[in-house]
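To keep things simple, chains are lettered A, B and C as they appear, and every chain counts its residues starting from 1.
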């Protein structure tokens, strides 16, 4: 297809790109020990947590940003970023939703996430993180009756310090990598979930992240613990306003599954990707990892990544328990000047552990889309199995699709299979659709949705519909 | 093993000594040396040196080339040693017309070979070595005191097998130049030897003009030394290169391979059989670069590792912008026979063109239960069945008919001695 | 020779055979027919001792000895041969090498000296001609790159080479054209004598036009629901399976 036709259709709109006019309390840019102390003081944190932050900060000072990703971008000036921002009206946390600033509520209504429980999505409890702080959590009471704790990270530190202390940093230590250390030093808020032994969480849990303030980094931290035989499905959504400057998002997510526990974590990431010339957009450097500590436990990651200028994330599973299961289902779509380097790590340590990886990369425009993954079978992991399928779909000849899988086996009874294919949307396919009366955009969307079917099938219902629509919008005009 | 500092010091000393050896090479050597200084020797934290330590391949001396051992020989072949000499037992007393095999140092200033040499020597490597990944190439060049040129004239088909018998240590170089429409069958073999040298750095640089056809096989028997090989090829339009590798393990063994399919419609077939046991390491890294249109590559790599051996494979397919209608595939199957051995494989794709067919598959596993059951259902016990299937797996990778028996003996001896 | 009593078999947590009885004597040809999913392949696999097939009730005996606990190779050496529905490919292991290893292990079991390589090769060549396989196939990897029909003929070649006491032929006729079907049938007929027995497992009647069975059994839902002589097969061809399975249910 011709370039002009492609260009004609490459126009794309980002519907979540508005700015909320709200008074904020934002720390001056820059990072030093005083800032770390100030964040901790503002959150009235206990001494142990401050110590942990300071250790992380000191370690971070010894690190340099990783440069192995298949990406190109200017260096990030960590001193020009403000490490804390909170809506002013939140200075004294509202006791209930009725006290939440109406501007904020409007923001979420615009995004389609009503926070009033009567209007909320049936069966989904939502925690909302606006810039650096959690502003509201719905359905808390109902969850509490089931024994489930779902609250902001700050609240967990106050209300459930023992649990936080026991599990914080056990999966992603403050020394793990550059961005994880940074997060440990300055994380502001996030979500906390605890499902006690034998409980199946009665509803889907969801966190919605929104960056609003200019020149602000967002560093949230999520900790999910599922005790023996507990089950939970957790959804995460993200958006940000359209701004010309790049904004940094460096989150950490830790999942812990004890014996027979089952955690399903789904993400629809739609951070602002920058404009069609590559200006602006979120730099998304995220460390997500789950530990299947218990026997027969299961952790499943599903992600649909359509946003961000830079995506650097590898939701991983450490399969420590015998017979534990790790899964990773991913759709990563890049367009215009977006760059994504994403994938997973499956570390097999226990016996009879199983992992499945299905990755679908779609790239268009001048974007670069990389799958990077590691499957490691340690010498103790008898009878382990991995199956990996990595498919790339290229739309146009100015983008790049890359696959870098690392496979390391130390067991003769392990079976590891990896397959990768590359395909394109070709003229014949488009012509066939068009000849049957389907326009090019719709045709592309159909082909792409078909390509992603195996991943969408893993998403909870409401998300699957949203994800399909999101791809359609994101690819608007990718081909003529 | 030397530390890096000592090593560099010794290299410098030898480099100075070599300076008057082949005067025309001086500027090339000095260029390589400066690049090496700029880029540096590969370090362990480098992505492409993840599974092996570069220090293993740094040798203290430019070893004398007297460490010859047994090679497979055949009366019908042109058996040639690293001195570029046709050995006495070859049936034909002379090389056929259109084929030149000459030692660099024997090439006269005014001969036609001299022009070819200067045009092609280091021409591929120069560009490659700019990447830290291949800086061992510059090390070889800067330490080189001689090499062998193989040249096939335009339109010439060399019928007999050219059997190059390598020494087992030192810095060595083969330059293969195939003119338009010519064809050559080349076998390179390392000797089966009682090793005396501490290592080998062996580079093969090939240039295939449009329509040229190179059938190239390399046999690397088991060895207690460390050896490093770099094979680099440049293909013109409609040229065809078939590389078959038969590699047993060594204490340390690494092979970097770079193909540049520059001409439209050029094609590469790569087959590799890798076996390692007894704490050996074997590392094979392929970079298949598609630049021309409608180029085709097929890689079939089979690895089998046992008893504390480590096999690492990196099969990369790189499709450059505008290389439309490329058809590239890689199949890598590996058998891990016990829990002390390791297999690492990293099949990579880097794709910048959309109208392409490109796929790779890699498996690491054990022998399939279905196959074992089939044999057992015919009365064969399961232990024997496993052994037969593993043997078969190796054998199915030994595809060169002409010296298949020799290859079978080589691989089976290694495999059976482990098994017992 | 073979006695199967009240056999219940579980595969991957599912009970497939639910009380199957079957007795085969020397010199007999039996055919088991049945619709898809009735348990035909399970029966052949469990007789050959495939791992993963668990006998939860009932028994199998061969020449008077219980074989439920025996390994596949022990059963093979006693003379049970399974011609596979989908013969697996084993690259690099030549047909000849494979057959000789199998034959030697069977001879050893009978406390006989192995057949000399010369005699063995000679016999293999003659028999491959009989099943219409080129001698080149003997040198090739087991089933490696063989077409569907060639794989089936290779199974018959193995049958003729190894001369088992009981030949179980699992859907050997599927995927064969008329000529190949004829070749395969001739191979089976040349094997058949008064000391051995044949168990044909098939979906269709067409193989039975070439090899006349003494007994025909209909397998449905894990049990034999009807037995008769060869006329039953003809009846099935005309009426289908539904009338039998319906009455069985």
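Simple rule for what comes next: contacts are C-beta pairs under 8 Å (C-beta built on N, C-alpha and C of every residue); 3 or more make two chains touch, one makes a residue touch a chain.
Computed from a prediction, not measured in an experiment: that's the story for all the values here.
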A-B or B-C - the one linked by more C-beta pairs in contact: A-B
Most widely separated chain from subunit A, with each centre as the mean of CA atoms: C
For subunit A paired with subunit C, centre-to-centre distance based on mean C-alpha positions, whole Å: 55
Whole-Å gap between the CA centroids of subunit B and subunit C: 48
For subunit A paired with subunit B, centre-to-centre distance based on mean C-alpha positions, whole Å: 44
Contact footprint of subunit B on subunit C as seen in their complex: 48-51, 71-73, 75-77, 81-82, 84, 87-88, 90-93, 97-99, 101-103, 105-106, 109, 141-142, 144, 158, 162
Contacting residues of subunit B [partner subunit C, same complex]: 368-371, 373-382, 384, 388-389, 391-397
Residues of subunit A touching subunit B in the complex: 68, 70, 377, 379, 392, 394-422, 424, 426
Touching residues on subunit B, where the partner in the complex is subunit A: 47, 321-322, 324, 334, 336-366
